[in-house]
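Here chain A shows up in two complexes: once beside chain B, once beside chain C.
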Partner chain A sequence: MADTTLTHTGQAQPRPAGLQGVAADWSSDQRAFKNVSWGKAMMWIFLLSDTFIFGCFLLSYMTARMSTRVPWPNPSEVFALHIGGSNIPLILIAIMTFVLISSSGTMAMAVNFGYRHDRRKTAILMLLTAALGATFVGMQAFEWTKLITEGVRPWGNPWGAAQFGSSFFMITGFHGTHVTFGVIFLIIVARKVWRGDYDTGRPGFFTSRRGRYEHVEIMGLYWHFVDLVWVFIFAFFYLW
Partner chain B sequence: MVDITPADAVPPAEVAEMELYHPHSWWTKYVFSQDAKVIAIQYSATATAIGLVALVLSWLMRLQLGFPGTFDFISPEAYYQFITMHGMIMVIYLLTALFLGGFGNYLIPLMVGARDMVFPYVNMLSYWIYLLAVLVLASSFFAPGGPTGAGWTLYPPQAIMTGTPGGQDWGIILMLVSLILFIIGFTMGGLNYVVTVLQARTRGMTLMRLPLTVWGIFTATVMALLAFPALFVACVMMLFDRALGTSFFMPAIVEMGEQLQHGGGSPILFQHLFWFFGHPEVYIVALPAFGIVSDLISTHARKNIFGYRMMVWAIVGIGALSFVVWAHHMYVSGMHPYFGFFFATTTLIIAVPTAIKVYNWVLTLWRGDIHLTVPMLFALAFIVTFVNGGLTGLFLGNVVVDVPLSDTMFVVAHFHMVMGVAPILVIFGAIYHWYPKVTGRMLNEAMGQFHFWVTFLGAYLIFFPMHYIGLMGVPRRYHELTATTVMTESAHDLNAFISIMAFLVGFAQIVFLFNLIWSIRHGREAGGNPWRATTLEWQTPETPPAHGNFGKELPIVYRWAYDYSVPGAKEDFIPQNMPGAFGSSREPA
Partner chain C sequence: MAEVTANGLAQHTLHGAQAHDPAAIGTAPAEVYQEHPIKLYLVVWAWLFILSACSYLVDYVGLQGYLRWSLILIFMMLKAGLIVAVFMHMAWERLALTYAIILPPILVLVFVAMMVFESDYTLLTRTVFFGAEP
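Our next item is the complex of A and B:
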């Protein structure tokens, strides 16, 4: 199989540990990150860039929240669900977070089975991940609907600072878009795994390049990142 | 010629041959091409086309400033629209796109010895999204209300209010959408450039053997990937403010006697986000110029670059420092004096690595065999211009000096010298230098000399007087300054003089464009390596290089990029892919 990058070059010579190893890698020939494929390097650098996007969003939200002179709506009340006669704070978010974190688990298992070339299990676990992701987005849609019917709008809400609604819809919307794209790509990669594209070396439709099971891992990097971002959104938006 | 180093001294290949996409038709070869060289030319042509629009806009502004009251069609609204579009196009759609999308795409794979960018398909998408961004931007000229007139910094709240041209029409929306598209497109290309440099170099090409051009473009791309997110976020939030009525950046405000629906937002937040992008942006444009000019000077002075390692660390250091200086654009925004103190200090610290680079360029020239070719003239002009522009940066970096100079023509003159004229001189030099590789023919020398002298001297005749009228207190962004105390008679005369010079310099660019087209057919045949340069792009088997760049075998690199005039060598340059040890190379161990 013609890989674009050799990940197993048979170079078994010991590499220096610690900072010296970092320096040795960076000053070495051809590649700064040894045995890291192009696709994986690219995904890591993209995620670094995306971190800055989410960082700017969250910092802007915190600035808005700290500088507003109008009271901020109380998240424990706003995000409570009325179940069985009592308001349970944050119950929906707790379930959403649980679902999303679980999907990271299924994704990690998919990566493992992918490297064992177990097509069936890999594809099933990826589809399960996609299903959990879609469930998350569905619950988010439910949460949005609930807030909208209660009168929350990007430009105002019944309880206090207008920036509450605008930040909420913007940040969760941007994150939800990430999850949605993730679900779409999970399904695409799962289909390729199922069909055996990575065994037969079938060229990609757009890129005309042959893929490898590593794509599952690269997909997983993105997915774990989206989960990690959610943890921060959860902490800063719902727990603060 | 002693002790030939055997080829197996170079470590074995770690990067396997790349699967190239082979075009099947004219469309996939020249239009939807996945070849980085074709994409580079597409980027450059598009950037130049929209740059010409910005050039014409600057003429229109100068018409108004030089001869106020003469041209009725330049209303105050139109004047602000010209300013805004001129600035935004020049900084983002011309300079950034040309340096990274144009030179980056062409030079990175060739210089590091790769067949192409690592993900050619994504690279192609990058161009088409960039083109879409340019079209959206250009469409705002034809939208109801015209383009936005918010100033290139797009400061809220005025950017989305009725009094600003395009503020409540389509102008600002199209501008923000275009920027968002640009950032998406750039990210696709930028990831390619970074991964190609880090992971796809040819055998023997360590990071410390990269030509400085690649170091400059690489560092600038990393910075862009970290700085553009702030602009992306700012654009999204302002788009919501304008289109959905949110109040991220909009405080409670009364407009035309009516209380607006907005309230509670922070205009300063936008300034922070904008300048967290905006200041690195200065160096995103400057670092590729630094890198390219180092290579031009070394090649045309036939001498190794002085202090190569220092140059690399200076590039990286400037890149890192430029992320902690952004608020020096905001000294008059009312921030805490201690912040001003902090940002003034970091700003002045940046002068240290920058000065190191200037000293090293001069020391490279010192006792070199200087060939005053057109690219070399432009490179020398860059050094002078960059020093001049940088010195006024020291004025503006200090809070107490900046406050009175803020929003005067002095600021306009400063940033035009340092990030307008200086990088564009490098772009011209680079085009004269690499045109033979792209087309196989030299640009016409006589036209080049004419273009250089008019552009170089003209730029000084434009911007030196502008410093002076700025010191006199003439403010920027004013449509018309008539009988005010700051505008003396002599300042009026100077303004008219500046305008006339601006037209002259502008027309000289037409000679340059004519030269570009004329030389494709009528230029002197260049051969593969007309400048007798060492770097890999000059060692390709074909000129212009074919798809895949290097024929059957990728080159193996045995030395750094600066083996010029090595004592004991047969010629005064040793290509990077030539094996063997020759006398006393100055390559750092």
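Our next item is the complex of A and C:
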């Protein structure tokens, strides 16, 4: 049997007592995610909790739709647009999908250029991402206006099951809110990149933590998540 | 994908950033990040476009039944997988993080199964007490 060598780490550090001790013990050198900073890990955990929120929305929508006796309005017809003398099904939703995917592509490239410390390209790509996101929200506002003028309300609509309106406004409204906040934060981070905050390590206005290019990646994680949620909404709400 | 991973995985570490910050020593890791060629993102972007177009076509052509369902779900999972794996860099993270983030949402499927039974039961009682169609 091999000798067991005891590693002496020297004098044990005195631990602080009281409330300070509680904080110190809970934050004491325990790292589950070895090569991921806590900022990135925390964004992932936030996204996980957000996944559950959207998961519950889609679940309640599924339950409402499966348990009603009244026929569900056909999304293919409800979301059709009248262009050039004929109805094209879901065309606006398809364009919105492409806009959001494009914004995810520009965001991924912004993260890449951020780590290469290319301030100009990073900021331009992030602003382009924000512009595409704003376009998406604008198209969603158009879609909402169209449906509301056609008589869709959270408590009823002209075509079938009343739950259609409430599910629609709840799910797309929550997603649109996420996109809107994403656009705001994209502009904030893009401004910091432009100003060189992440090169000089200038502390943030709110958190006072030193700026790092990793913030661009964390912002990117949020933005890709918004795109990810849309993939599921597109499949379950619009295509079902 | 294997080829992309082979030439795309280059981990860079910057040590300089933490050198003058005594509070950061031992707590914050040196800035570790992955650098992939831009081409990888463009390829994934193109695939996301193709997959979205395909799922739109499923509706446009008007496929119905199990074929529609399996195609929509396959395209959805492929798109979600590409976004999480490449755009969010999950493919290159350590397994501890991947499992911590990916496994819990899969458990939502249990909830889905419960609600499927529940809504079947609700529909049954509604049909029994209120008739088949309003």
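Side notes on the structure shown:
FYI, the second predicted complex is superposed on the first by the 210 of 240 C-alpha atoms of A that agree within 3 Å, B and C clash if a C-alpha of one lies under 4 Å from a C-alpha of the other, contacts with A are read in each partner's own complex, and residues count from 1 in each chain.
Keep this in mind: a residue touches a chain if its C-beta (ideal position, glycine included) is under 8 Å from a C-beta of that chain, and two chains touch if they have at least 3 such contacts.
Bear in mind the structure is a predicted one, so any value in this text is a computation, not a measurement.
Once the two complexes are laid over each other on the shared chain, residue contacts for A:Leu48 go to chain B and to chain C alike. Applying the stated contact rule after C-alpha superposition, one finds that A:Ala235 touches chain C and leaves chain B untouched.
Once the two complexes are laid over each other on the shared chain, residue contacts for A:Phe57 go to chain B alone; chain C is not touched. In the superposition on chain A, A:Trp155 makes contact with chain B only, not with chain C.
In the superposed model, A:Thr180 makes contact with neither chain B nor chain C.
In the superposed model, A:Leu90 makes contact with chain C only, not with chain B. Touch criterion not met for A:Thr135: it reaches neither chain B nor chain C.
In the superposition on chain A, contact of A:Val36 is made with both chain B and chain C. Residue contacts after overlaying the shared chain place A:Val70 against chain B and chain C alike. Applying the stated touch rule to the two superposed structures, the overlap between the chain B and chain C interfaces on chain A comprises residues 29, 32-34, 36-37, 41, 45, 48, 52, 55, 63, 67-70, 210. Those residues of chain B that touch chain A in the complex are listed here as 10-19, 21, 118-121, 187, 191-192, 194-195, 198-208, 225-226, 228-230, 232-234, 236-237, 240, 244-248, 261, 263-266, 269, 273, 276.
By the touch criterion stated above, chain A contacts chain B in their complex at residues 2-6, 9, 11, 26-34, 36-39, 41-42, 45-46, 48-50, 52-53, 55-57, 60, 63-64, 67-70, 154-155, 161-163, 165-167, 170, 174, 206-210.
Per the touch definition, chain A reaches chain C in the complex via residues 29, 32-37, 41, 44-45, 47-48, 51-52, 55, 59, 62-63, 66-70, 76, 89-90, 94, 97-98, 101-102, 104-105, 107-109, 112, 115-116, 201, 210, 212-214, 217, 220-221, 224-225, 227-228, 231-232, 234-235, 238-240.
Looking at the complex, you find that chain C touches chain A at residues 12, 17, 21, 26-29, 31-36, 38, 41-42, 44-45, 48-49, 52, 55-56, 58-60, 72-73, 75-76, 79-80, 83-84, 86-89, 93-94, 96-97, 100-101, 104-105, 108, 111-112, 115-116, 118-120, 122-123, 126-127, 130-134.
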